[in-house]
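These are the structures, in C-alpha cells.
Next come two complexes, and both contain chain A; in the first it sits with chain B, in the second with chain C.
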Partner chain A sequence: MSSLPKQNWNLSNNNSSRAESKRNIASWALTAPVLFWLIVFFLIPYLIVIIYSFLTPDIYDVKFEFSLDAYRQAFSADYLNTFYHSFSLAILTTLLCLLLGFPVAYYIARAKDKLKNTLLVLIIIPFWTNLIIRIFSWRIFLAYNGVLNDVLINMGIITKPLEIMRTDLAVTLVMVYVYLPYMILPLYSVLEKLDFTLLHAAMDLGANEVKAFFRITLPLSIEGIFAGSLLVFIPALGAYLIPQLVGNQKTLYLGQVITYKIKNIPRNWPMASALSLTLLFFVAVLLILLYALYRHNKSRRIA
Partner chain B sequence: MEEIRIEHLSKDFDGFVAVDDVSLTINNGELFSFLGPSGCGKTTLLRMIAGFEAPSKGRIVIGNIDITDIPPYKRQVNTIFQNYSLFPHMTVFDNVAFGLRIRKTPKPEIKDRVGEMLALVKMEDQAFRYPDQLSGGMKQRIAIARALINKPKVLLLDEPLAALDLKLRQHMLIELMNIHDAVGITFIYVTHDQGEAMSISDRVALMNHGKIVQEGPPDDIYERPQSIFSAYFIGETNLITGEVIAIEDGFMQLKCPDGNGGSFEIGSTFHFAQVLGRELTVSLRPEKIAISRSKPRVQDDVNMLRGTIEDILYLGTHTQYIVRVGALRFRVFSQHKRVYFDDKALDWEEAVWLFWHNSDSWLIDEIQDNETSATEPPDGGVNHYQRSTKRPTKV
Partner chain C sequence: MKRITASRFYKGFNLTAFSLVMTFLYVPIVILVIFSFNDAKIITGWRGFTWKYYAQLWQNDIIKQAFRNTMLIAVLSTLVSTVFGILTALGLQNKKFSGRKLISALIYVPLVIPDILMGVSLALLFNFTRVNTGMFTVLIAHITFCISYTVIVINSRLEGFDYSLVEAAMDLGAKPGYIFWRIKFPLMLPGIIAAALLAFTLSIDDFIITFFTSGRGFDTLPIYVEGTIRHGTITTINSLSTLMIGFTLFLVVITKRMRKVLISAL
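Right after this comes the complex of A and B.
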C-alpha cells in the first residue's frame, strides 16, 4: 500500500501542506480515545506486571529490590507439573472441541436457511447466561447426589453414584462445553463459504467421501480450524474458574496457581507476575509460529 | 461397444417430476446434446449419469455394465461442471493430477500424463499457477484436462460455456470439437443454448417438462420439427393453422383464416397420413420466405401472399421484417443481397409480396390457434417479437 502515489489535489503547495496538517490533527483526535484507553488500561498495567516480576516478595506487598528469583522458580521443576497440566488441558480441550465442533459446523453450514438460523441461535444462546451460573448448573448435574447419578440409578444402569465432580474429567467436560461455541462459529463461517460442488468434483474424479473430506474439505477449512483453535486454546491455557469450581486441589492449573500466589498470605506478587508473563510468552511464540505458517501458506498461493 | 443405454429413467423430487420416463441410446464416440429450457430436466438427467442423483425409476447402462447403483467415484464417467469447480487450494498441475493421485498412480507416470493433458488443452506453461490466477477460458481448459486424465468412457459437460463471453464461447466450442476428435470418447453435452447444441452435436435430444420431445441430428430437428415446441425452441418460426382442403403432386393445400374474416391458401409438404380435412399447423422458418415490392413471376408450387410491412429491424447479417397479412403477422428474415429488391429499400407500411416454395413449409401434427397471430409463441415459449426503436418520421 505504501507504494501508492500520494494524491495531491491542491494546486498550491502551501495550501496542501496546511490541509495535510489539518488532516493529521483530525486523525490524531480520532485515535486519541482508543490510545488513551490502551495506555491506561492495557500498557500501564502490563508494565506494572513486568516490573513486579523483577521485585522481591513481602508478606502483603513487594520490596523494591531487584530479583530474578521469581523467574528462576517459574522455570524450575516446581512448576513443571502446573505448566504440563495447563497445556495438556488446553490441547485436549482444543482437540475435543475440534472433533465435536467440525461435524456440527458442517451440518449447520449445509442446512437449509431457516434451520441454519435456528441452529446458530441455539449455539449462541448459552452466552446469554452468566458463565458462573452455567458452571454451577454443571455442578448440580454432575454432583454425587446430582441429576446425572439420579437418572442413571433410576434407570438401573448403575447401582452406586459415579464420582465425576471434582475430577479432571469434570474439568475437561465443562471446558469443552464452555469453549465449543468458539470453535463452531469460525468453522461455520469457513464451511458456509465452501463450494460443495468441489466435493462432487472430487468424487467425480474418483475420490470416495473420506478422501474427498481429507483432500478438499479439510484443507479449505484450515483457516477456520486455526481461528477456532486459537480462540479455544488461549483462554483454555489460562483457565481458572472452571478448574476452581468443578476440579480438585490435586491437579492445579496455572490460572489457579497464579491466583493463589496473590490471594494466599504471605503474598507473592513477583511469582504471580512471572508466571503470567511466562504464559504470555508461550502464547506469543505460538501465535507468531501460527502466523508465520499462515503467511507461508498464503504467499505460496499468490506467488 | 460402449454405448450408453438409458432405460425408462425417471427422477421425482418430492412430487416434482424432473425427468419423466426417458429412454435413449447414445452411441460410442458420439457428441450428444441435451437441449432445453431451464427446468426441463436436462441437468438432472446428467447428474444421474454422473451418479450425483439416484434415479427414482429406470436404469443406466454403459456397455454391458449397469451403473445405476454404482457410486460416482467408481463410474468411468467424468464431468465438466458449470463453474468448472477447480480446487482453489491446488495448482493447475495438482488439479489435473487429482484423479491419478487418488488412484495411487506412480509419480513419474503422473508427471507424464499431466504433461500430455496440459498439452492437449494448450496449458503447459500454466502448470504451477492457482485457479484464481486464471481467466475463464483457461479454467475451462483445466477442467477439461482434469476430467479427461482418468480416461473416462464418457465425458459429461454441464453448460460448460455458460460463463464465457461470446467470442471465447465460439472459440471454445471449436476447441471442444477438436478435443472430442482427439480423444474419441463419448461426450454428453447439456445446454440451453440452441446455437451451441446445433453447431457442436452429432445428435440432439430436445427436452421439455422432463421428457424428450424430439431427438435427431441438428438439421433434422431444425428443418423437421415434430411439435410446435420443437419448432419454436430451436430458431424462430411462423406458425400458421388451417384446414387441409386438397392433396396434389405430393403437396397439400391449407386454407387458413387470416383473422380478419378472410382467408388465404398455402401449400405445404406433409409427412404423415390422413391429413385431408383436418385442421393442422404449418411451421415456416422466417429465412425461407422471400420478400419483394414487385410481384414475382408466378411459378408452380410457390406460395404468394400480399402483406404490409409493420416493422423493420436491422440485425447486421440480415433484416427482420414483420409483415401483416390480414390480422396475422409474419416474421421474415432477408439477407442484404438485394436479389429480389428494387433499388430502394423497403419501408414501413409498404405493401409487399411474400413468397416461398411449398417444400419449405413443414406440417406439424398439432394445432396452434391462429387467433393469437402467427408470430406469437405457444404457451410457455418466449415472445421473440421485438419492435424496432428506430422508426423514421414520415416526410
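Right after this comes the complex of A and C.
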C-alpha cells in the first residue's frame, strides 16, 4: 500500500521528463535549419575574414602567406584618421537625431489616438522608402543647379549658388535624414508608455517645465534613448552609400575604405578584413559597455 | 496663468519641431516626384509637364531586367526566411529548450553589427569557396540577413500565446497536425504576414550586401540606380524613383489594411 503512491510519483516523473526530452529534440529539429544556415553563412564567413586578415594581398585575390601587414597598416596614421572620421560622423549623427527626434517622438506620443497612427505612418513612409532614392532626392535638392539654390537665388538670399553637395555638411545632413526614423520610433515607444500624470504631479508640486523634463521625462525615457542611439550609431559607423553619393573623396569614411579594398583593383582583401574586424571589435566593446550600463541602471532602480 | 502659458510654449515648441522634421523628411522626396514630370534633361527649373521619362523607363530593358531580378530575389528570400522564421519561433516556444541561448544569440548578433560587415564576410566566403557570384549568392545573402527579422517578429507574436487553447485541443484528442493548422497557425498569421512584409521590403531595399555578393551581370534595382547616378545619366532615375516611392506607399497601405482585415477575421 505504502509503496503505491511512490511508484506513481516515479512513473509520472519519468513520463514528464521523457516528454520534456522529446520536446527538446523537437525544438532542436525545428531550429536546425536556421542554426545550420547561420553557422554556414554567418559564423564561417567571419572565420574566413579572420584568416584573410593574416594573409598577403594579391592584385585580384589573396596569397596564402602569413603576414601582419594588414594590421600594421590598419593602425597607422592614415587609417586612424579614417576611424576618426567615421566615429565623429556617427557621434554627430546620433546626437542630432536625438535632438531632432525627441520633440517629434514626444509630440506623437502625446497626440490624440486617432492622430497618433497617422503621424506614425508619416514617419514610417520615408523609413520604408528605398535608401538609395532618399539619397538621390537630396542630390537633386542640394545640387549646384538644384532646387535649394534656385529657390534661394530667386528669393534674393544668395547671389551665387551654395556648394553644399560633395561636402561633409551634405554627408551629415543626409545621414541625419536617413537615420532619424530609427531614433524616433524607439523613443516614441517609451514615451507612449510614460505616465504623464507624474509630470502633472511634479508641476503641481512646483517644478517648472524644464525641471520636470530633466527630472522625470528624460530619466524615464532612457531606455528609448539607448535603443535609438544604438540603432543610429552602429549602422552610421559602417555607412558607405551616403558618403559615397553625397560626400567627397577628400574625407573618406570606414565603409568606403573597406569597400574600395574589396572592389577596386589592386584588391587588398587582408586590409579590408583587418579593418572590418577592427570595426567589429569597436562595436562589440560598445555593446558590452552599454549592456553593463543598462544592467547597472536596472539593478540600481530595483534597489 | 503662468503655468498655462509655459505649457503652451512647450506644446508649441514640440509642434514646431514636428513640422520642421516633417518638412525635412518630405521636401526632397516631393521635389523628386515633381521633377520626374519635368520636361528637362537636367534638373534646372520647370520646363513643362511630360510623361516622357516614364515611357523611356518602359522601353529600358536593363531596368526591366533589374526589376525582375529584384522581385525574384525578394519573393524567394521572403518565402525561405519566413518559413525559417516560423520553424525557429515554434522551436523557441519551448522555454526549457537546451539550445535556446545559442540560437537567440545567433539571431540577435547580426542585427547589431553594421550591414557592411555581413557584405564583406559573405564576399570573402564566396571568394574562398570559388563560387561564381550571381543570383544564387545574392539570394543566400538576402535570406541570411532576413532570418533575424522574421524570427524576431514571429517569435514576439508567439510570446503572448494562450497555451490553454492547445491543451484544451489536446485533451479533446486533437492530433499535432490539426493543432498546428487550426490553432497555432491562425494565431501566428498576423506575425507571419508582418515578418514576410518586413523581409520583402528589406530585400528590395538592400544595396550594400547585394553590392558585395552579386557579380557582374546580376543587377537589382538599387545596384542599377547607384551605378547610373554615379555615372551621371539620371533622366530615367527620377521616374523610376517615383514609381518605387509609389510602391512603398502601396505596401504601407496594404499592411494597414491587412492588419485590419486579419484582426476582424480572427
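Note that in this section the second predicted complex is superposed on the first by the 281 of 303 C-alpha atoms of A that agree within 3 Å, B and C clash if a C-alpha of one lies under 4 Å from a C-alpha of the other, contacts with A are read in each partner's own complex, and residues count from 1 in each chain.
Convention: a contact is a pair of C-beta atoms (placed from the backbone, for glycine too) under 8 Å apart; a residue touches a chain by one contact, two chains touch by 3 or more.
What you see is a predicted model; the values in this text were computed from it and never measured.
Looking at the superposition, the partner that touches the larger set of chain A residues, chain B or chain C, turns out to be C.
Of the two partner chains placed by superposition, only chain B is touched by A:205; chain C is not. In the superposed model, A:219 makes contact with chain B only, not with chain C. By the touch criterion defined above, A:255 reaches chain C but does not reach chain B. Of the two partner chains placed by superposition, only chain B is touched by A:197; chain C is not. Common to the chain B and chain C interfaces on chain A are residues 203, 208. Interface of chain A with chain C (complex): residues 20, 23-24, 26-31, 33-35, 37-39, 41-46, 48-49, 52, 61, 100-101, 103-104, 106-108, 110, 119, 121-126, 128-134, 136-141, 143, 145-147, 150, 177, 180, 203, 208-209, 230, 234-235, 237-238, 240-241, 245, 255, 258-259, 262, 269, 272-273, 276, 279-280, 283, 287.
Partner chain A is touched in their complex by these residues of chain C: 3, 6-7, 9-10, 13-15, 17-18, 20-22, 24-29, 31-32, 35, 42-45, 84, 87-88, 90-94, 96-100, 102-103, 106-107, 109-110, 112-118, 120-125, 127-128, 140-141, 143-144, 147, 151, 201, 204-205, 207-208, 211-212, 221-222, 225-226, 229-230, 234, 237-238, 241, 244-245, 248-249, 251-252, 256. By the touch criterion stated above, chain B contacts chain A in their complex at residues 50-52, 71-74, 77-79, 81, 83, 85-89, 98-99, 102-103, 130, 146-147, 150.
Residues 195, 197-198, 200-208, 211, 215-216, 219-220, 301 of chain A are the ones touching chain B in the complex.
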